[in-house]
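Same chain, two partners: chain A is paired with chain B first, then with chain C.
What follows is the complex of A and B.
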């Protein structure tokens, strides 16, 4: 009886967040499309003139863009969460509902994951249109691809909870962008693979294994590009699940303390 | 009754002075953020990207970083003002001071430009210190460099007024980043020159002449790198000044409408 009530509340809250976001989905999808187009047009058409000979480079960047989109959505989710804590405190009402507080934070993470998956879906056909023959659809292992997309975005959801637990106010978002998001992104293999980094600097490559963004990039790329050039798919996914559990645990613990939850 | 001109300029000067003190109190944090960003960008482009066959040199990227900072540096000011308009509206107090609203908005633009300009001046010395033996600027003209940073920052400052005018709340900041700033930046030539774009697609390169960020990148390359790489320096400066005028007009108009200013 209690479990059913709990699940209904959880599902209803998730549905509410999804409905609210769906009103903004078109605008956010346009942002994603604009971002993807400008980035891919440059890398696919202009970068070969700067010496890049890899015929798969366009697909490499396309999958990287798709993988990293959730990181940008993370900022929006953090802003929504912090603005609420600082302002209306609607979360206090949700905490009075018949649902444990940890489930409330898990719901926030899943809602965040939905936001990034939903807004990035249109990037897939767009990538094919821009890359044309360079992106071979039959080379993509679609089951792995969609599984990776879900695990990656759930990971971003828990990363959102984790980062939000450390941000005191909205002004702290600039710091998140410069000191967390950018280093994770830029050293996380957005422009190069882990194996390539290992040939340049093995010690940095091994240190980079602590950066979860590497597993995000490598995981998604291994579904559409020659798998031998990347960290094995299941290894990347397992590591992302481990990171998700870790971030969920720390993030929920810190938020419970911050919001005086039971 | 219109205020005495000397009083207006005195208030204008005092407000700018106040903003400068606020800037100084955040300068260390902002410098650390910038240091992280320049270091990571240089590391990736100087040492890792050549493994992919990329022919970038650190100097090419470092000067692009200067413009990136001058362009993106306005976003701290934009976020602060948009958050203020969302919540406390302390700007309402500034609007009661003996200064015309047009001059007040020009002050905001100059203040944002000043923040962007001062920090971007540090980038070349930081880059040189980091990669001493790898960076050479035989074509560097310091006066031209300072001039292009000043003109670019001024454009960015007035562009920030337009961004503030169209951003309804702090939640829309991510839309601005992904839908406006990033495409202008990526297509503006962070990673390529206009001449390279022209060899690929003359039509797109002419279309890109409408992108003011392109003149910022080309201008700084003309001032620091081999002049044959880019469009003429004076042409870039003139175009930026021409773009600044409509930006100022539109930005001030939008802000006046939003704040019911006189």
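What follows is the complex of A and C.
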């Protein structure tokens, strides 16, 4: 009974955040469409003219874009969170609800995951429209694909909590972009696979295994491209779950301390 | 007001570790809150009133001490305690993308109010607080006074036994303040226990059954406004407060 009541509060909070986000979903979906279409028009239509002959290159970029979308959404979530704890402190009302504070932060991470999944959904049919025959739908392992999309965005949700716990104020957001997001993104296999990197620079490839973005990219790409070219799907997903648990633990611990909550 | 103790605050201390010094915001505060009363926490900035109300709201833990509800520490069943309190924050933090009705609906569900009761309760409260015409409007269009009314309505959705109001009238026009005072009085008449944190002495005098004056983290005085005025031979609470500050200044000089 006690647990059921807790879950009701937890679920209601999540439903509230989903309801709020759905009201502005159209705007974020347009952002996602602009991002995906401009990127694919260049990589799928222009890059072959410059000499890139790999027929999978468009699909490679498409899946990479989908995988990395949540990383950019993260910046918005962190900004909203920091603005709130420095400004209106809506969180103080939620902290007074019958729910332990750690569940409040887990809910925040899941809501953040929902936001990036929901706004990225339209990118999938758009990708097929732009890529046409180069994106072979029957090659996609759809169960793995949607599972990966969920795990990846939940990972971003906990990364949001983790990063937010270190950011003192809104001015710190520029630091997040330049010191956290870009290195993770550019060194995380957005432009190349881990096996390609291992071929040219094995030491960097092994160091890169500490970068969770590699598992994000490899995990999603292995669902729609020849799997043998990527880190095995379940290995990538397991690593992302481990990183999620680590970031959740540290992030929640630090936020509880920072907000001095029970 | 009954003499039945609803909450017992026992020797609460709160220390903040800030570089380079340690701030003792509360230094052994003890008091009882009686069922059905309006108790106001008063004090100058930094006296510890917001810290105390945050601890009573269970937003922050005390460094030491305890709070008893029905003679049991609230920390033994914190979630259960949160079900009987309603916290109304100072800043009007409404989910502005939701309508007023949606906001109230969610507020009821957070506390597991049965679905069948939520609609009736929301309608009742919107009527009580003159919010009915805004039921389908987004929170963003409400003026400051109406936002404050909404916060009170939201706080009452689960029919808490005690509500904690953190400076509910700060920044409002005088006539809207007066209007909210009547609303708060009505809540007391309905049997709700209210802990009010305020800077406004006229507000405390008009509304409170008892006032608790905090100074530098300790309770300086706790009594009814009438008794305080008699003791200090003053005609209003503001003058009592100024007398107290003068006393303090004299002690500090000596």
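Definition applied: the second predicted complex is superposed on the first by the 262 of 262 C-alpha atoms of A that agree within 3 Å, B and C clash if a C-alpha of one lies under 4 Å from a C-alpha of the other, contacts with A are read in each partner's own complex, and residues count from 1 in each chain.
Methods note: a residue touches a chain if its C-beta (ideal position, glycine included) is under 8 Å from a C-beta of that chain, and two chains touch if they have at least 3 such contacts.
All of these numbers come straight from a predicted model, not from anything done at the bench.
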Combined model on chain A: chain C and chain B, fit or clash: fit
Which superposed partner A:100 touches (first chain B, second chain C, both, neither): second
Partner chain in contact with A:6 - chain B first, chain C second, else both or neither: second
First, second, both or neither for A:88, with chain B first and chain C second: second
Larger contact residue set on chain A - chain B or chain C: B
Partner chain in contact with A:199 - chain B first, chain C second, else both or neither: first
Chain B versus chain C as contact partner of A:172, first or second or both or neither: neither
First, second, both or neither for A:72, with chain B first and chain C second: first
Overlay on chain A, chain C to chain B nearest C-alpha distance, Å: 13
Shared chain A contacts, counted only where both chain B and chain C touch the same residue: 87
Complex contacts: residues of chain A adjacent to chain C: 2, 5-6, 8-9, 12-13, 15-16, 19-20, 23-24, 84, 87-90, 92-93, 95-100, 260-262
Complex interface listing, chain B residues touching chain A: 29, 32-34, 36-37, 40-41, 44, 47-49, 51-56, 75-76, 79-80, 83, 87, 170-171, 173-175, 177-179, 182-183, 186-187, 191-192, 196-197, 199-201
Chain A residues within the chain B interface of the complex: 27-28, 30-32, 34-35, 37-39, 41-42, 45-47, 49-54, 57, 72-73, 75-76, 79-80, 83, 87, 170-171, 173-175, 178-179, 182-183, 186-187, 191-192, 196-197, 199-201
Residue ranges of chain C in contact with chain A within the complex: 54, 57-61, 75, 78-80, 82-83, 85, 87, 89, 91-93, 95, 97-98, 102, 106, 109-112
